[in-house]
Amino acid sequence: MTPDLTRITAFLAGDVQADRLVPPTGFTARLTVFVAAAMAFLTVFALALSLATGRLADRWSDELARASTLRISAPMDQREAQTTAALRVLETTPGVASARALSDEEQRALLEPWFGPDLPVESLPIPQLIEVIEDETGYDAAGLRLRLSAEVPGAVLDDHTRWRRPLVMAADRLRLLGWLSIALIGAATAAMITLAAQAALAANAQVIAVLRLVGARDAYIAQAFVRRFTLRALGGAAAGTVLGMIAVLILPSAQAEAGFLTGLGFQGWHWIWPLVIPPLGAAVAFAATRHAAQRTLRELS
Amino acid sequence: MTPDLTRITAFLAGDVQADRLVPPTGFTARLTVFVAAAMAFLTVFALALSLATGRLADRWSDELARASTLRISAPMDQREAQTTAALRVLETTPGVASARALSDEEQRALLEPWFGPDLPVESLPIPQLIEVIEDETGYDAAGLRLRLSAEVPGAVLDDHTRWRRPLVMAADRLRLLGWLSIALIGAATAAMITLAAQAALAANAQVIAVLRLVGARDAYIAQAFVRRFTLRALGGAAAGTVLGMIAVLILPSAQAEAGFLTGLGFQGWHWIWPLVIPPLGAAVAFAATRHAAQRTLRELS
Amino acid sequence: MSYGGGELLSDISLTLSPGSFHFLTGPSGAGKTTFLKLCYGALLPTAGHVRMFGADVRDMSRDDVALARRRIGVVHQDVQFLDHLPVADNVALPLIVSGRDRTDESENLSELLNWVGLSKRAGALPAELSGGERQRAALARAVIMSPEVILADEPTGNIDWEMSQRLLQLLVELNRMGKTIMIATHDMNLIRAAKSQVQARVLRISQRRLHTAGADL
Amino acid sequence: MSYGGGELLSDISLTLSPGSFHFLTGPSGAGKTTFLKLCYGALLPTAGHVRMFGADVRDMSRDDVALARRRIGVVHQDVQFLDHLPVADNVALPLIVSGRDRTDESENLSELLNWVGLSKRAGALPAELSGGERQRAALARAVIMSPEVILADEPTGNIDWEMSQRLLQLLVELNRMGKTIMIATHDMNLIRAAKSQVQARVLRISQRRLHTAGADL
């Protein structure tokens, strides 16, 4: 590692004299910086969006996908027995993590929006509800129904599939969209930095030719350009990233209230993600400029 | 209009001889095309996202914001009378578009997930529910509660505010994000096309100088470049837009099932939106190249 | 005239009468190119007045200058071409940009290319030309519009003696047709050769002044 | 040697012995520049062999060519500079790219600039130079590394007679120090002037062959 580090330090420090050989900024140079900055900004945004939708999708999936309800509608005197029987069946069903009969208070809470707090749950012929939590593999609903119909005639399984599937799909769609945008913006960024670096290099064809004619080695010439453009891309991308992060920080002011859509932004270690952008942009610029410089040089004798 | 149209046609048709004076594509030219294409593609995507989230937000707002429930918990013999009284109060409340007592069947449907289909709603001390639909202005919930407590002692107003506000906010947030991305991508596109056009023009400084020296007029020189770059941006943006629209068309294959999140994509006349992108890109390129050409020319005597 | 720093040319008063033939000499860096640039409006004088075809250059619009340049053929010292177009198109460039139909002049063009010895290289790109070929192409481009005035800055710097003679003859012939000619050069042999054919005046720039050299060359 | 089309130079065999002084002449477009480009490895021969310092250019790596160029000073016919650096830096460019410390050579540099008459213009940008000044700067750049071989392509094309003499004297002095010199020019007066000072051989390219011109100049 140590020698590599020395090389990187030397690369970043540069050779003051060699550095002057590359002309200062023109349009193409500014273009490189701007492209790097703008695309970094957009990437931060897309990243925030992706992570936020990812979190949303996770929550939806978690909350919806793994709970279902078993309803025991039986005459009052058989309810207890059937509930126990159902719980026994559920305990032995593969894929069921836990099953639990709701208490009267919980049932009353569920019904409160409709009937108010004074509903005499105990004296009413209200069915007993059992909450079923799946494990990761999930259970076979059809098989469970079959077993229940034999042992607990009054049980009705409502596995939520009907209304949970679209939600989970929507969540997955959102997540996919987020990552797709990132991939798109990333690809566009790489392509644009590449083209901008090549355009800037093409604009400096005379500099390269002159240097080659007075006896500069290829590595020396390439280095002078590569360093310049890598630093430009790094600087641009860093500026764009910082601006993007600030924008993301400022934006979701109503975070607390809008708890449903987990706020746009980064949470915890996710803040590390955007910090990856500048080095990535610099790496793209490095590769692109190097490639372009070497091609330009190969055309010269 | 007619003379303008002639001018535009002449502009698009161009002068074959003048056209040869601008060198064929280099990196900077390809950059212009690519930037226009990539950014058009991203814009289509952001547009689709914005419109889709916009639709989602509209649905949430519509469905959630404008309905609330009034619950009449009263002894069986007073229920009818209190319901009628409550409806009378609601009818005279400003901001209430309509109010309607739910029928027994509707109440049973609401309760079915919990109690099964056999619940004897008629004979149970279940409260009567009244659905209240607001008009656009909305009603004053506190005032309504006050009036109701006087005239209908058993009425409880559940105006959903608690749980509908975060949803509406989330929806609005989504919509805002969509338009923000569009604005960002749009601004970045304009800036990049501008810079790319200027870089390409800077790379052609010698062509401009030579033309000026042999007696070409400014308008002639500018035109040769402006036409070329405008068409390039138009072509690039058109290609990007078409690709973007195809991508959007292909993507949401599970549209039917994922009804909850209205599918990503354009609906109805919204398909016109992306078609605005290429002319806009061309207009930006036109203005940018014209400006850059004129500035380059002014520096020459 | 001065470039920011000290004065370069001062107290110059000269009128090029139509049909005259002038040489402009002086040591390297004296201001020959600068003087010619003043003549075709590429520079504005820092003091004093320059008139092109009777109009003060300061009062001319950019389009006026462009139109005036069509009446002045210039051979620049650092010749520049459109590097993506072949020599023939570059020579015909003034015709193209002034909207003239090239096909009408194609005979003219090939005759001219022949005269400057570039018929065989007509299809080559400027980058493929030798130094002397570039200068000859520049002269051809300067005269293709049959301009009233021809300004040539070191038109024979990279050209061998025979070809120089040939180009001089072309210029002499154009002068006989009534064109005004001004050639900046340091080649005394060329000036001597010209003096035997036309009545040429020799101007010399030194110590920031324009002198008329005697007949002692 | 040929550029795609017909042959340009053929049946040439020449060895530049160290310390020799050559002139290269021939009509415009004969192939003088092409010949020099072969000599410093800017072109590879389409047939035959070119050796630089004993090594065949075809066997040399790109870095070998770069290193060899530090031992050869070239004045190009179409001089190119780094347009964003002042003249002094451009002249010192070979020192910079070969990693030598410029400060050690700064005295050398100012002396050289003085000799070519550019002391006053040392801070100017290349675009602000006159044609002759560019050529002089190019010569200064070619000799700053004190190379073993100096190839100059029309180094006096845009320069007045006195300055040409001065530059010639610099080259003659370098030759006396043992440097090998080859100058492509069409200026017979310059060749005559040189012959009075050193033993110069004159090579002439015509009909695709390299001839040794007699002493009849």
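Letters A, B, C and D mark the chains in the order given here, with residues in each chain numbered from 1 onward.
By definition in this document, contacts are C-beta pairs under 8 Å (C-beta built on N, C-alpha and C of every residue); 3 or more make two chains touch, one makes a residue touch a chain.
In this text, all values refer to a predicted model and were calculated from it rather than measured experimentally.
Enquirer: Which other chains touch subunit A while also touching subunit D?
Expert: Both-contact set = empty.
Enquirer: Could you work out how many touching-chain steps separate subunit B from subunit D at minimum?
Expert: Tracing touching chains, the least step count from subunit B to subunit D comes to 2.
Enquirer: Relative to subunit A, which chain has the most distant C-alpha mean position?
Expert: That would be chain C.
Enquirer: What whole-Å value do you get for the distance between subunit A and subunit C if each is reduced to the mean of its CA atoms?
Expert: 67
Enquirer: Centre to centre, by mean C-alpha position, how many angstrom separate subunit B and subunit C?
Expert: Here subunit B and subunit C have centroids separated by 63 Å.
Enquirer: Counting only Cα atoms for the centres, state how far subunit C is from subunit D in Å.
Expert: That pair's centroid distance is 28 Å.
Enquirer: How many angstrom lie between the centres of subunit A and subunit B, each centre taken as the mean Cα position?
Expert: Between these chains, centre-to-centre, one finds 22 Å.
Enquirer: Among all residues of subunit B, which ones touch two or more of the remaining chains?
Expert: none
Enquirer: Specify, in ascending order, the residues of subunit D that touch 2 or more different other chains.
Expert: none
Enquirer: Quick one: label the inter-chain contact graph as line, ring, star, complete or other.
Expert: Shape = ring; chains linked end to end, path closes on itself.
Enquirer: Hey, which chains are touching each other here?
Expert: Listed by label, chains in contact pair as A-B, A-D, B-C, C-D.
Enquirer: If we count contacts the way the header does, which residues on subunit B are in touch with subunit A in the complex?
Expert: The touching residues are 26-28, 30-31, 34-35, 38-39, 41-42, 45-46, 49, 69, 71, 73, 107, 110-111, 113-116, 118-120, 124-127, 129, 156, 158, 165-167, 169-170, 173-174, 177, 180-181, 184-185, 188, 191-192, 195-196, 198-203, 251-252, 254, 257-261, 264.
Enquirer: Which residues, counting only subunit B, touch subunit C once they are in their complex?
Expert: Per the touch definition, subunit B meets subunit C at residues 17-18, 20-21, 23-24, 206-207, 209-220, 297, 301.
Enquirer: In their complex, what parts of subunit D are in touch with subunit A?
Expert: Those residues of subunit D that touch subunit A are 41-44, 62-63, 65-67, 69-70, 74, 76, 80-85, 89, 93-94, 96-98, 102, 141, 145.
Enquirer: Looking at the complex, which residues from subunit C come into contact with subunit D?
Expert: Where subunit C meets subunit D, its residues are 3, 25-29, 32-33, 77-78, 117, 121, 128, 130-133, 136, 153-154, 157-163, 186, 188-189.
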